[in-house]
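Both complexes shown next keep chain A, but they swap its partner, so chain B is in the first and chain C is in the second.
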Partner chain A sequence: MTAAVETAQTTTIDGDRVSLLRVLGPAHVWALGVGIVLVGEFTGWNFSADKGGALAALIVCWIVGLLYTSVAMIDSEVTSTVAAAGGQYAQAKHIVGPLMAFNVALFLVFAYTMLEVSDAILLGDTIVAKAGVEGLTHNSFIAATIVVLAWLNYRGVLMTLNVNFVITAIAYVSIVILFFSVSPWTQGAVLKLNELVTPGNALPYGWIGVIAAFQFGIWYYLGIEGTTQAAEEVRSPARSLPYGTMAGMITLLIAAAMTWYVCASLMPWEYLGITYYPLWDAGKLTGSPLLENLLFIATLLAALASANGCINDAARAWFSLGRDRYLPSWFSAVHPKYRTPYRSILFLLPIALAFAFIADLNQAITFSILSGVLQYTFMSINIMMFRKKWPLGTIRRGYTHPFHPLPAIVLFCLCMVTFFAIFLGFGSQLIAMTVFYFLISLWFHFYRYKFVRRGDQFSMPWPKPQGY
Partner chain B sequence: MARYTPPEQSKAGQVFDIAVVVVAIFVALWLPLKLGLAGAAKSIDPLDAKTWDALGQNATMASIWEKLGYTPETAHDIIQNRFHYVIDWPTLIIMAIVLIAYFVFLFRASDKEYREVINEKFDDK
Partner chain C sequence: MWMGLSYVCWGISVVLALWMLYDWFKVDTTYSEDVLTSSREGELEAVSEKHRI
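Right after this comes the complex of A and B.
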C-alpha cells in the first residue's frame, strides 16, 4: 500500500486562506459510516419483509451485503487515491466529468438529507409512542433533533464525530445484548422462528417478492459509502478510509444478521413489515423491561447518530459544489473559527425540516434509497473508467481492491435488480426523481457550467488520462 | 488552448440560481407526494370472517399479535394489506427509457466537458 495523495483545498475568508481540519482517525471513519447506517437495523430494513416476507428479508440482507461489500472495496480504492471533501463527487470530477460530478453531489445531498429526515421522523415517532400521551405530536421532537444536530455540526467536525462514536457504540452494543439475552442457540423458549417463519409464509409473494425486497434491503447498509466524505479531514486517508470502511461493513453485516434472526423469531412477518421500531418491539416482546428500555434508548441514539452523520456528509457535498462554482460560490465558505462548511449546513437545515413535516417515514426512505442506487450505478461504471484511464502502476493508489472487475460487475447487476425492485411498488416515484435529475442536468450543462473554471476541476497531480 | 475565463456572477444572479435549485428540489420531492405518486402501491384484500385462523395466523402468531395489543379485527387491515405484483409493461418500458436516456446524456455531456477540462489542464504544462 502506498501513500495516498492528499489534497488540502482552501477557501478564502476575509483575506485568510482556511481549509477543513485534518483531525480524524480510523475510529471516526468507522463512527461516520456505521453511525449513519446503524439506524437501518432499528427501522427500515424490515419494510423488505413487507415487500417479500421474512425469508426474503434475510436473502436480501446477504445479497445486498454483497452489493455494499463491492461498494466499500471500490470506494476504498478510489477515495484513498482521490482524497478530497465530497467523496464520490470528487471522484466523478476527476474521472468522468463535471456534469457527472454535479449529479453525484446531488445524489449524495438527497440521499443524506432524506436519510436525516427519516431519522428525525423515527426519533419523534419513537418518543411519542413511548410517551403514550394523547395529542402529543412528533413535530417538536423532529425540529429539535434537526436544529440541535445542525448546531453540533456547525461547531466542529471532531466533536461531531466523537459524539457519533460514543452513541453508535452504545446502539450497537444494545443489539448484541438483545441477541445474547434471548438465548439464540435455543428455539422455543423466547425465540420461535419455526412457528413464525413457516414453509407456507416464508415467501408469501414467491421469488418476485424477493426481488421486490431489494428496495428496502438497501436500508440495511445505506450510507456506509459516506465514510469518503471525510477524506479531506482524516489524518491518513490511505490507512483510515479502507480500514474504517471495511471494518464498518463487517460490523454492519454482523448486526444485520443478528437483527433479522431476533426480529423474525419474535414477530409475524406481517407485523414486522410495517412496524417503525422492529428492535424496540423485539425488546418489548422478550417481556424484559430492561431490554425494552435499552432498545428504546438505542433506537433514539441510532437515529441521532445517523442524522448527525448525514448532516455532516450532505453539507460537505453541498460545500464542494460551491467551492467548484457548480453552485454559487457563497456556499463554499469555511467558518473562520470552527473550520466547518457552515453556510452549507445552515442552507440544508430548512430543507430537511420542511420534508420532515410533509413526508412520512417510508416515503422519505424511498427518496433516500433512489438517490443511493443512482449513485451506486455511477460507482460501478466509475471504477471501470478509473482503471482504464489510469491503469495500475501509472498513479499512486492508497489502496488497490482485489478481483477487479468482478466487484464492479456485481455492483452494476445488483443496481439493475434494485431499480426493478423499486419499480415494483414505487415506480412512479422512481420516474419522477429521474426526470428531476435529467432536467437539473440540462440546467447545469447548458447554463450553469459557464461559471465553472475548466482546468481547475482537475486538481490531482496525475498524468493525463489514457485516451485523451 | 486558450484558458477559459468564466464570467463573474452578480449577487442577484447567485440568489436567482440558489432559488432555482431550491424550487427544483422542492418540486422533485414534494410534487410526487402531492400528486400521490409516492408511497407503496398496496391494497387490502378484505375477508368476511375475521378470525386468526382465517387470517392465516397460527396459535404462536395469534398470541404475539395479542401481546402487541391487536385483535383479529384490528389486525385484519395490516395482514390483508398486500402488494399485488403485476408487471405493468408500458410503465416498466418508460422507466427503462428514462433511466437509460438519463445515463446516456450524463456520460456523453460529462465527457464533452471533461475533454475541455483535460485539454486546458494539460495544455498549460
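Right after this comes the complex of A and C.
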C-alpha cells in the first residue's frame, strides 16, 4: 500500500502536469486480460459447434489457442519495450508509422466498444431469461451495466481493476467447480461424451466446417491482448505486462478446455451450437440448483468483467489518439483527481449505449471479432519489422519471445484462415469494414495528419533503427 | 421483483450519468485546458524510470 502511494505521488502532478497513475501490478494485468476474455467461455465459443460440430469446436479451441499464444508472446515482447497507453497503437506508431497506428487505434476502439456492447446485451438478456416476466425488457439492465461501469472507470483505474480481479476470479472458480462437480474422470455418471460425440456426428460438415468454426473459436480468447492498454498505469511494465499476459493466457487455455469438455459431454452439438448460455445450461443439466444459480451469477459477472475491461481499454486507445493529435487533443484530458482519461470515457459512453440499444448481439460480436483479427494481422507484421529494425541487443527488452519468426508466421497464417471463415459467414460485413477503414485512412492522410506535431509523437528513447 | 429491479437500474443509471456530467463540468471550469491535456507519453516514461517502490 505504502509503495503504491509513494509511486502514485511521484507520477501524479509534476508541477502543472497531470498524468495517468502508475498503481497497477501483475494481478491487475491478469484481471484486465482474463476479465475481458472469460465471457467468451460463457457464450460465443459454442457457436463454433453450429458451424462444424462439437469436435470442430475442440479443434479450433487448440488451434485458436495457438493463435492467441503467438499474440501473447509477440505482444509481451513489444509492449515490454513500448510501455505506453494505447498499447498496440503506440507500438504501431513507433515501429510502422502514423497511418498504421491510426488504423490500429480504430481497430482497438471498435473491438472493445463492440465487445462491451455485446457484454451488456448478454447481461440484459440473461437477466430477462432468468426472470421470465412478461413485459420485462433488457434495456434497463444494459443501461445500468454501461453507465455504472463507465462511472467506475471514471473514478479510477485501481478500483476498476480491483473489482475486475474479484469478479473474474469468482467467474473462473465457478467453471472449475462445475468441472469437478460432474465427475470428469468418470464417463457415464453425469457426462456422456462418448454418446454425444461419435465418429458419425463429430464433424458433420467435414473439414470446411472446422474452417468455418474459426470465426467463433476466436471467442475462447478474444481480448487477451487488451492487457497492453494498462502499460502506462502499471508500476513495472517490463515485468508486469509479460507476466500478467502469459499467466492470463495459461488460465484461459485451461478454462477453454474444461468448458468444452463439460458442455460437449452434456449437450448435443445441435443444441450447443445455438444456445446463448452453454455454461449456464450445463449447470441446469447437472440437476443441481446450486450449480445452476452459480453459473447464472457467473455468466453475469463474466459479462460485467468483460465490459469493465473494454471500457478501460477503449478509453485508453481513444485518449492516446487525442494526445498525439490524431484526433482533437481535447480527448487527451486526464482527470486531475482520479487520473483517468475522463473525456474519452464519457465520449464513448453514449456510443456504446446507442449500439447496445439498436444493434443485435450477432452484429456486435462480428464487428468486434473483425476488428480484433485485423489487429492480430498487424501484430504479425509488426514483430517482424520490430526485430529487423531493432535486433536483439540494440534496445532493452523486458521479455524476448522464443522461436522467432515462427510465432509471427503461425499468427499470420491463422489470421488468414479466420478472415476466410468470417467471409463465409459475414462476407458483407467484412467488405463494409474494409471499405470503412480505407475511407477513414484517406481522411487521416489527406486531412487530419496536418494537425499532428510530427516530432512530438515519437517519444521512446531508442537508437536509430537499422538501415536508417 | 424483477420489474422493480428494472426501475432501480434506470434510476441508478440516471443518477450516475448526471453525477459524471456534473463532475465533468466542474473539472473543466476549475482547471485550464493546458493542465488537463498536459499528459505526455515520453515524460511519463521518464518519470517512471525514477520512481521508488
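FYI, the second predicted complex is superposed on the first by the 453 of 468 C-alpha atoms of A that agree within 3 Å, B and C clash if a C-alpha of one lies under 4 Å from a C-alpha of the other, contacts with A are read in each partner's own complex, and residues count from 1 in each chain.
Just so it is clear, a residue touches a chain if its C-beta (ideal position, glycine included) is under 8 Å from a C-beta of that chain, and two chains touch if they have at least 3 such contacts.
Remember, predicted model here, so these are calculated numbers, not experimental data.
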With both complexes superposed on chain A, which partner does A:131 reach: first (chain B), second (chain C), both or neither? second
Using the touch definition from the top, say if A:51 reaches chain B (first), chain C (second), both or neither. first
More residues of chain A are touched by which partner: chain B or chain C? B
Between chain B and chain C, whom does A:440 touch in the aligned arrangement: first, second, both, or neither? first
Could you say whether A:192 touches chain B, chain C, both of them, or neither, answering first, second, both or neither? first
Which partner does A:343 contact after superposing on A: first (chain B), second (chain C), both, neither? second
After superposition on the shared chain, which partner residues are touched by A:330: those of chain B (first), chain C (second), both, or neither? both
Considering only touches as defined above, state whether A:180 meets chain B (first), chain C (second), both or neither. neither
Common interface residues of chain A - those touching chain B in one complex and chain C in the other: 329-330
What residues on chain B touch chain A, complex-wise? 3-4, 6-7, 9, 14-15, 17-18, 20-22, 24-33, 37-42, 56-58, 60-61, 64-65, 67-68, 75, 78-79, 81, 83, 85, 87-88, 91-92, 94-95, 98-99, 101-103, 105-107, 109-122, 124
Sort out for me which residues of chain A touch chain C in the complex. 3, 6-7, 10-11, 14, 16-20, 22, 83-85, 90, 127, 131, 133, 135-137, 140-141, 143-144, 147-148, 150-151, 154, 232, 235-237, 320, 322-324, 329-330, 332-337, 342-343, 346, 349, 456, 459-461
List the residues on chain C that touch chain A in their complex, please. 2-3, 6-7, 9-10, 12-13, 16-17, 19-21, 23-24, 27, 31, 33-45, 47-48, 50-53
So in the complex, the part of chain A that touches chain B is made up of which residues? 50-51, 92, 96-101, 103, 110, 114, 192, 195-196, 198, 200-201, 205, 208-209, 212, 266-268, 270-271, 274, 281, 284-285, 325, 327-330, 351, 354-355, 358-360, 362-363, 366-367, 377, 381, 419, 423-441, 443, 445, 448-455, 457-458, 464-465, 468
